[in-house]
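Should a chain be cited, it is by its letter among A, B, C, D, E and F, assigned in written order, with residues numbered from 1 in that chain.
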Amino acid sequence: MRIDGRQNNELRPIQITRHYLKYAEGSVLIEVGNTKVLCAATIEEKVPPFLKGMGEGWVTAEYSLLPRSTQTRNVREAAKGKQTGRTHEIQRLIGRALRGVVDLKALGERTIWIDCDVIQADGGTRTASVTGAFIALVDAVNSIYTDESKPFPVRDFLAAISVGLVDEEARLDLCYEEDSRAIVDMNVVMTGNGQMVEVQGTGEKRPFTKEQLAQMLSIGEQGVAAIIEYQKDVLGPLAWKVGREGCRN
Amino acid sequence: MRIDGRQNNELRPIQITRHYLKYAEGSVLIEVGNTKVLCAATIEEKVPPFLKGMGEGWVTAEYSLLPRSTQTRNVREAAKGKQTGRTHEIQRLIGRALRGVVDLKALGERTIWIDCDVIQADGGTRTASVTGAFIALVDAVNSIYTDESKPFPVRDFLAAISVGLVDEEARLDLCYEEDSRAIVDMNVVMTGNGQMVEVQGTGEKRPFTKEQLAQMLSIGEQGVAAIIEYQKDVLGPLAWKVGREGCRN
Amino acid sequence: MRIDGRQNNELRPIQITRHYLKYAEGSVLIEVGNTKVLCAATIEEKVPPFLKGMGEGWVTAEYSLLPRSTQTRNVREAAKGKQTGRTHEIQRLIGRALRGVVDLKALGERTIWIDCDVIQADGGTRTASVTGAFIALVDAVNSIYTDESKPFPVRDFLAAISVGLVDEEARLDLCYEEDSRAIVDMNVVMTGNGQMVEVQGTGEKRPFTKEQLAQMLSIGEQGVAAIIEYQKDVLGPLAWKVGREGCRN
Amino acid sequence: MRIDGRQNNELRPIQITRHYLKYAEGSVLIEVGNTKVLCAATIEEKVPPFLKGMGEGWVTAEYSLLPRSTQTRNVREAAKGKQTGRTHEIQRLIGRALRGVVDLKALGERTIWIDCDVIQADGGTRTASVTGAFIALVDAVNSIYTDESKPFPVRDFLAAISVGLVDEEARLDLCYEEDSRAIVDMNVVMTGNGQMVEVQGTGEKRPFTKEQLAQMLSIGEQGVAAIIEYQKDVLGPLAWKVGREGCRN
Amino acid sequence: MRIDGRQNNELRPIQITRHYLKYAEGSVLIEVGNTKVLCAATIEEKVPPFLKGMGEGWVTAEYSLLPRSTQTRNVREAAKGKQTGRTHEIQRLIGRALRGVVDLKALGERTIWIDCDVIQADGGTRTASVTGAFIALVDAVNSIYTDESKPFPVRDFLAAISVGLVDEEARLDLCYEEDSRAIVDMNVVMTGNGQMVEVQGTGEKRPFTKEQLAQMLSIGEQGVAAIIEYQKDVLGPLAWKVGREGCRN
Amino acid sequence: MRIDGRQNNELRPIQITRHYLKYAEGSVLIEVGNTKVLCAATIEEKVPPFLKGMGEGWVTAEYSLLPRSTQTRNVREAAKGKQTGRTHEIQRLIGRALRGVVDLKALGERTIWIDCDVIQADGGTRTASVTGAFIALVDAVNSIYTDESKPFPVRDFLAAISVGLVDEEARLDLCYEEDSRAIVDMNVVMTGNGQMVEVQGTGEKRPFTKEQLAQMLSIGEQGVAAIIEYQKDVLGPLAWKVGREGCRN
């Protein structure tokens, strides 16, 4: 029995509020249970040095926990003067995952900055960041998508969810209390056509078997599929643009 | 005529949502027009080194703009590895202002950390931070205030507002558009009994006269008084504790 | 009775030595009682990125306490790897104050760097910095002022002084001992024609009334006027250039 | 056909030289093809603050590329003043993986520092680091393992390998040239009893299917098993201690 | 013929003003030609961690160029957030040189901090720093030297001078203009009894012969001897304490 | 009698392995007794800003101790976020010494980066770095030396050795144990024609006499001459290019 009464393969309530910020090209507040992340997408009309002149764009992400998003206050990284290893790991994951469904050539020489700022952390902040950032990204890309004869630069839907092995059972979408007890912690990032973009499973307390991996992947896959259905509702007519050509790679 | 149709001495709509965060001892979302700041107050059971063993507490503040709170994205300070001079200046102001109404001895050897994170910036973020942080502070202090025979460690109400000289007229509560055109920019922090805790006026574009200063102080005073009335409503019965002994210094 | 026998509205002895450094375009040693600050002005033939191509100049300031300018040694900021919040706050004030009397358009696309290094600190280092930096600035501006048919880029005199509420009395030009006991601490920056450029009053220990504010402003105003008289003596014939057109804004 | 003539499921030649350094409690040079990593394990008789007094130990890792380990010189992180996100991500992976087979309670209040310094980088530096660090760790742990009646604090063997999808084929142990062309890049960390400790698969250029994941896992599993056989040879009689109790969790 | 008319073995005018600062335990302004360095010595009643409990003291130095001590403004190290390699090299030299004549055991568990801040730089700032810091050190040590039956913790005089090979001639005490043309640049630190504490010669533009080295050492030795005579005058009766036991090692 | 049975003027066994790294333009592993340093030379087709457009090149060095090169682990500078003063001092010495024999004009507008990474430290790491880096430099320069009618940009051989005063005797090539007991520590960098490029002698524990200096220089000179003979063997036919024109400055 889970602490909040959910089934093992049951997601927490999820809610995405689009256009949450006034200035950003795309922005959402995503709430997954008590986890709340503000995701903003900014279009910048230039690319990092290593891409200059190559005719393609870039997507990069930054992630931060607000100091009091957590149970005990965590020191502000700007005050410490550096980002933690955890922050680096997470923001690299978010950027990588989003690039997996963006057609960087169609984007042109532009950078999309994704900012994921965690307002409240109750487990699953990195997967909520990916899921929310995807919607912000679509809105931002749409703001510069003027020539409908060209492919829409976002090729497929993308969402992420955590899965874990808790009390010998594979469980979907762990809250903080479950996460801290989990034997194995896994994050699954998948696309609208059911393919994987990133799979990360870690048995910090104990190794895990192939069967357990398969089981976790399976409920993760169901979870992502459900979230992508919700994303489509949230995007409304705009969903059609993303879906139009499928994942053409 | 102001850009949003207000009178010169008219505040923007203000709204404070208490208990905005699940874990913090005190937290509010304050909205002043389009400016939105998340203020959290954390109780830490120790004091900085310079106060150790002296039997009194401390209040300190940190301030940050989320990268996309502004019209164009501002670089994340944690990524740059240092806080800007502007951030330092503002967070020192917030801490100083709050300490002006806190009875540090009554607080005991505790630090209250105030985190002001700007979600959306449309002028007046530092004064909104002071006004919102005050409510978060009262809630946090109340969470440790167990012996009602002792004075409540917050001695008086506190709020802040900006005033400026725009188009030769003194105006209350500038939005970003007015702020960037203002000849003189002023911030007024006052208490419930009408005294001043901090007054800062700057004529970066041009000096100003004593008469202009007096005029700005006067509408600033009205503005703060109105905000404090709203703060009392927001705090409800808890307002009585703050008001009980007035400002006893 | 003040610790050094002064009247409440009496300045400490002030002395400004021009051309203190061999290489700087302008430089002074300013001594106010035991406070000694070395102010240097450097002309750089370019502007910061945000002003490039806009045909106007910039004035910016840096401030530092030498490690043993203070009673106990303070850690060298270069060794720590960052400047304190206090340093940021002060150097922003100095830059802002000077820009208040400089005609940035007349300056052309140049930056004037003001370096204020405190040799000895006995209260009032930020106001002494403003007062001394003004003279260094005038000398530096004069070194590039070749076409007398154009307006001199410094439009008016500028000086600053501290005022405080100590033992219930408003006092001018606090030394360190008074400053650390002051209930309210105020800095006033004014021009030669008696207008204000910056007013900052803080009641960290206790709020203050409008009457107290008026009283402090009044003796601050007298103090600045006296200092500006001294500045004119110090500048000699060069004072005429600054005064020629008054404050034309 | 692979660039170096290997079969898709063939490892590059691997060589581990134990006791490579004179001072470290454990150290190896691991060579996997042209990739060379120096792994050192240091025993420190204390734990990080968050574990103080809890009676258990910690294993943590640091990773660095020597500036000229790569084709073009990469800037020295110590000179830049910060570690890259890639470095953070890798050293977190190494520490996590090793902790997966260490009995932290049996270790007692000690920290084992793992330093992985890449002398030459030709793909697979993170997996070579895990594989080599494991041997250094066993030697270091053995240096403090005096009471044979207690369990040896390393519970099972551990090795890692990369797998990738290149030219539509799953390939084992990618060299740099293959790695930069790979559609999917995967790292597999497994134990001596065939369980997984960490699985990370990323489709940065394109998503991947469950069948491809299974295929990559399968050859990764074979690869790790072969490496662990080699590790046993390298450790000689010491291998028995690790194997004695199997993975008892 | 030298630019300022000196003989090859002639020093620039030197002047040391003791008790230059009000708060420091020892402080001097040293002027050597146009080079001016402010040296302060601070006594701290503790030692760095590596000496804790060993019953001896430490002497350490910090060095800095004020931004406008040089012909063109040099960026403030505190603003950049790090000290340059040159600064590190010089402050290590100063600390090492002074430790060469201090009886660290007689000092007891104290640290003497030496701050050398260059007000104006016209060549020879590091050697002027050593020469001036020595006087500040003696004053500071004297302030804690209460038991005259014990040896005075400074065992001998110490001064430094630069020598260089310019236009094929060995020259003493190079000014900036000569320094920048010198083929070989040398710094000599010697004691009152004519022994060497530090010798550093560098032929960055060209190597040099043993004969040239001997020639430079010879005029350096004369220069230091003359400076030490001046130091004795400056210290007056206090010189006797330093000289009392000679260099007893 | 020395700890390892050597005569006072006897070097430790020295071995230089050329082409140690696959990618660098020049690289060696130098072993001097138990001291092992990896030296890499990289050609970069640009110069630092201060040399732009002046038609000459630059040589610069970076130095680092691997964390476990030493008896107790030393903290990784990249993790701390800054290089120590010792590192700065050493890398400046290496760069300066190499520039002493390089014809920067003949190099053209190129920078040669020298990376010296200490694998194992048993005394003399800075002198081993100079000696090894010289060979890497020659190989790197040779890789771009195509027009044999022009002078080879390396004008003479260069090597370095440490000398010290231990137990009242001058000794060559100190190992760590001797180094930590030495009264005087000296480093000598000399060229193939017997001239000096850098001489640094420090009497941190006690000053030293001119006779002692001469004695140390004398055995240092012999040591360097022997090492240069070995360097010639190591370079083989390439030695002829360096030697062809001698040191022509």
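The criterion applied here is as follows: a residue touches a chain if its C-beta (ideal position, glycine included) is under 8 Å from a C-beta of that chain, and two chains touch if they have at least 3 such contacts.
Since the model is a prediction, treat every value here as computed from it, not as a measurement.
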Third chains touching both chain C and chain A: B
Separation of chain D from chain A in steps, with touching chains one step apart: 1
Chain whose mean Cα position lies farthest from chain E: A
Repeated interface matching A-D, over half of the contact pairs identical, chosen among C-E, D-F or B-C: B-C
Chain B and chain F: spacing of chain centres that average the CA atoms, whole Å: 60
Chain C and chain F: spacing of chain centres that average the CA atoms, whole Å: 51
Geometric centre distance via CA averages, chain B-chain A, whole Å: 34
Residues of chain D touching at least two other chains: 81-82
Order in which chains appear around the ring, chain A first, chain B after it: A, B, C, E, F, D
Contact set on chain F toward chain D in their complex: 21-24, 27, 34, 38, 40, 42, 44, 62, 64, 66-73, 76-79, 81-83, 87, 113, 115, 117, 119-120, 122
Complex contact set, residues of chain F against chain E: 82, 84-86, 88-89, 91-92, 96, 99-101, 156, 190-191, 193-210, 213, 217, 221, 247, 249
